[in-house]
Amino acid sequence: MKEKQAETGIKLLWGTANLFSHPRFVHGASTSCNADVFAFAAAQVKKAIEATKELGGVNYVFWGGREGYHTLNNTDLRREFDHLAKFLHLAVDYKKKIGFTGQFLIEPKPKEPTTHQYDSDCAACMAFLKTYGLDKDFKFNVETNHATLAGHTMAHELTYASGYGMLGSIDANRGDELIGWDTDQFPTNLYQTAQVMLAVLNQGGLGSGGLNFDAKVRRESFEPIDLFYAHIGGMDAFAHGLKIAAAMRADGVVKEMLTKRYASWDAGIGATIEAGKADFATLEAYMLAKGDITPNTSGRQELLENIVNRYLR
Amino acid sequence: MKEKQAETGIKLLWGTANLFSHPRFVHGASTSCNADVFAFAAAQVKKAIEATKELGGVNYVFWGGREGYHTLNNTDLRREFDHLAKFLHLAVDYKKKIGFTGQFLIEPKPKEPTTHQYDSDCAACMAFLKTYGLDKDFKFNVETNHATLAGHTMAHELTYASGYGMLGSIDANRGDELIGWDTDQFPTNLYQTAQVMLAVLNQGGLGSGGLNFDAKVRRESFEPIDLFYAHIGGMDAFAHGLKIAAAMRADGVVKEMLTKRYASWDAGIGATIEAGKADFATLEAYMLAKGDITPNTSGRQELLENIVNRYLR
Amino acid sequence: MKEKQAETGIKLLWGTANLFSHPRFVHGASTSCNADVFAFAAAQVKKAIEATKELGGVNYVFWGGREGYHTLNNTDLRREFDHLAKFLHLAVDYKKKIGFTGQFLIEPKPKEPTTHQYDSDCAACMAFLKTYGLDKDFKFNVETNHATLAGHTMAHELTYASGYGMLGSIDANRGDELIGWDTDQFPTNLYQTAQVMLAVLNQGGLGSGGLNFDAKVRRESFEPIDLFYAHIGGMDAFAHGLKIAAAMRADGVVKEMLTKRYASWDAGIGATIEAGKADFATLEAYMLAKGDITPNTSGRQELLENIVNRYLR
Amino acid sequence: MKEKQAETGIKLLWGTANLFSHPRFVHGASTSCNADVFAFAAAQVKKAIEATKELGGVNYVFWGGREGYHTLNNTDLRREFDHLAKFLHLAVDYKKKIGFTGQFLIEPKPKEPTTHQYDSDCAACMAFLKTYGLDKDFKFNVETNHATLAGHTMAHELTYASGYGMLGSIDANRGDELIGWDTDQFPTNLYQTAQVMLAVLNQGGLGSGGLNFDAKVRRESFEPIDLFYAHIGGMDAFAHGLKIAAAMRADGVVKEMLTKRYASWDAGIGATIEAGKADFATLEAYMLAKGDITPNTSGRQELLENIVNRYLR
């Protein structure tokens, strides 16, 4: 692989290990009830990190695989979470030991194959990382289809992750909101690709991360040429989404409306609160003196949706 | 109210404030784009905490109300989260200032009225509390119907919250998994009440918390007697659920199977890992020496479901 | 109203009656367990049809309202369906009696306010109309948000209804696939408006029907100008959707691919089957002689999605 | 197989054909865009019906397999429905020709593997059968997990099918309402087995049909003994469900409340309406004379749920 990389100049976005297909992982890997499986997974991930380093990989992805449960009747949830945290700490230790400088990523997903995956969404991953002191060592690899399976829009997951500096990379696919499983279809919706690129531009790029097609052609698209149609379509959709996002940012109309909407926080009582100079007693006094709030204005959702539509046509 | 409490001996489980019905809260309370609304809400919660203290309340509940968004187009998500955290910090400060010793609770809910509520589920609340250093000052008030709207079983939310010492109180109602809104029906399902009581018994009770019927009779049940049927039915369902849970704990069959399932973690390599005495290198050496894992055994999901069924009939 | 119509030239798309808001309809109208409610509803619909005729209305819509159930425990489903059919037969009789020539429409919806609405989707309505001999007298008024609540795309409902000559009119709104209730938002998605207009063009228009905004601005959009933004945005979205659909039809690329895909049905064994000249025995003989099928070709889903995207940008 | 049947006395509940696993059926069987596939499927079903007859089978099941679509972009929905109907007519003709007297069954399912299955639920199947004149020749094989994937309770599908004399057989499994795919788990919920048995008893049995475990043990339950636990648990759940249903029928409390609830239809204006002796004009006159309806009474949903609970404990 290293030779092929040298020949083509193609670099390695990330490495990972398959800790879910072999029957050994039937009850999970680091969260298995069988401690040997933890050890086996450790050996496997050790080797995968080494290989990723050797190939110049700039990220390493932990996808939850079978880390979750099918029934709480046979599951010690807290103990399994503790084991998951222990495993990731050992991975961080090993990364430092061998001097691998790539970014560690975890990939949120709420279910499938298990009934409940521990890395269910960005917020659940954040709770886990914070609880176990791992939040400085990991970012998220966010996938569109996993977001919607968790009941969130992709834009929500990106905005949340990005807002806390945790957006590391993106699995650029799509699902079907009316379907309850992971379809991993190639992305084609321009609204969605524009939203993704907007989130990426807003945080100044993805750093060492990238857009990765975790997508497959449909079973019915079984001819080799379908692979080309799918990849070209997906890339075009993102290229066009990038243009839309860039145009939105250049115009600044939406941004300006947003700034204006929160203006009350930039001065007066809002600024006082943000500066930490108010408490319940002073706020009560302020409001008793004022009588009632400065009237609210409309959220302008419909207008904003119309404005976004301008960039699509 | 204080007089009536003295007359009847009825105590106050928790106090709260309505920060969502009045048009003033149309864009949220502490997360409103209008800083005055934050101030107004502060004054209101200040008074509500004082009243709760005066009435001997042992908890104070923050339900998310309109703290969330309808569209990301007009929302600065991170700034709104910061304001929410600021608000809760001020509440904690005020609580300490006046010597209110009740437990602060936040109540997870994923949507309705907003498209996305910030306190979406227990994990999202945990992420928020940990991020803003509030996790020592709050516990969760978990509601069945909110759990299922978030795509989780109530048992999951309880087990997760309880596992991290965060289960403070319970809104004892039920929804309809095939319906996408909050129906707040009275609980009647014995499987569910048994699971709830099992979670409560497993953590040794709810401390200052309790089981609160956040439930209403159906619109079609409009006669006064329906209120009696509903409350009696709900209480009976929990009473029977308690008996089931107590019987399960007394027998210990399920617990014993659980203990046996994780036995590999109580000695040998499992104990070594849990004790923090293993790393990727020693685990690799262990597995290379051993060759492959000790074979897995079945998860016994069907048997366990059969065993649970024994207690219902 | 008649005077205002004369002044403005505005015509009446359809009339209807509210058989759901008054407590009298708490258990439904024609499907109420209370026979008096059926009689009351009959009197009310009689008057509404008369008014619709008087005002030159070209359709009359029956929206299910509370025709459904909350629990099967208290419901005689078959008897309620029989009453619904009886009611619609009486309406047809009355329509003929007074010479009202407008189209009768029923509007599919799966739930809300009831747990199960009898007119749950187009197929359920078709089953009902065929079962009770009403299919010649009714068409469907299809609503986007009702389609997705039933787990169908709007395109599915339109294609199904149109395929059987049952597409009469359209409630042009949108919901949110990740939200489980009827949000009745104004339509803005160009993929969706293009699909709707394509279905309309493909059947040569809507006859006496039309596109009706069964939509409301968001609670947060409470200023009068929001009504303008919303209606203008919705109309623009449909105008642009119409252009997209017209361009797709003019090019004929998608249609051509479709024709080619089913070519095996236009000659040879396919034509023989469609002509009713084959049976299981002749088909078995044909296949035994041939050995195996002519190989399948790809469904080209990704290519088709790319082609559709061309019209949006 | 015939010999084994003779040895054991085990009879054949139904025969069927696999028209979905082989790549030949990638675009469906009778609804394939490739006419040869229709012919192939015809030959295969011909043989399967012959085998079923030879083995004394009392039903023949058509499960939709890949009869549906993934995208409407490449699908002529009406033409595919026409082909499906043609196929089933040929099957009926062949059945009569060879004197097979078993019941033909179709099995509703809304999605998986396709995005939309043509036999989506009982109502959709009813619409299809009525439209194509096939309703006298088919009944439904209703599956719990398919019902919930379609957004219906199993009780709804059974009550609907049974109400129109279309309930022929049952696939006795269960899904997980919070999971969006077909889990085909063994049934264990006593509320659900009681509901199923109540529907069966209410229609006097299943005729030639039966309860068939279309269920599999979980991937994690991989030991042979798990098959025993699963089957025994499923059978016990139905045995206990039968006892509950029988007790409910013997007591007659629920039935009595139902009869009372609809009493207004058994005499007076209700009976007049049901007898076809009322029209809109006479009903208007009746209501004008009466003034308003006889007041509604509560639907008693909570009481009924409490009563049902009595039988479980």
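Here the chain labels run A, B, C and D in written order, and each chain numbers its own residues starting at 1.
Basically, a contact is a pair of C-beta atoms (placed from the backbone, for glycine too) under 8 Å apart; a residue touches a chain by one contact, two chains touch by 3 or more.
Quantities reported herein were computed from a predicted structural model and do not represent experimental measurements.
Relative to subunit A, the chain whose mean Cα position lies farthest away is D.
The contact pattern of A-D recurs in B-C, the pair among B-C, A-C or B-D where over half of the contact pairs coincide by residue number. Computed from the mean C-alpha positions, the centre of subunit B lies at a distance of 38 Å from the centre of subunit D. Per-chain CA centroids place subunit A at a distance of 25 Å from subunit B. Separation between the centroids of subunit B and subunit C, computed from CA atoms only, is 41 Å.
Touching of two or more other chains is recorded for residues 23, 26-27, 70, 111, 151-153, 178, 218, 220, 222, 299-301, 305, 308 of subunit A. Here subunit C touches subunit B in the complex through residues 23, 26-27, 70, 111-113, 115, 149, 176, 178-181, 218-220, 222, going by the rule given at the top. Here subunit A touches subunit C in the complex through residues 148, 151-153, 177-178, 186, 188-191, 217-218, 220-223, 225-226, 229-230, 232-233, 236-237, 240, 297-303, 305-306, 308-309, 312-313, going by the rule given at the top. Within the complex formed with subunit B, the subunit A residues making contact are 23-24, 26-27, 32-40, 42-43, 45-47, 70-79, 81-83, 86, 90-91, 93-94, 110-111, 116, 120-121, 123-124, 126-128, 130-131, 150-153, 155-156, 159-160, 163-164, 254, 257-258, 261-262, 264-265, 268-270, 273-274, 276, 278-281, 283-284, 286-288, 290, 292-294, 296, 299-301, 304-305, 308.
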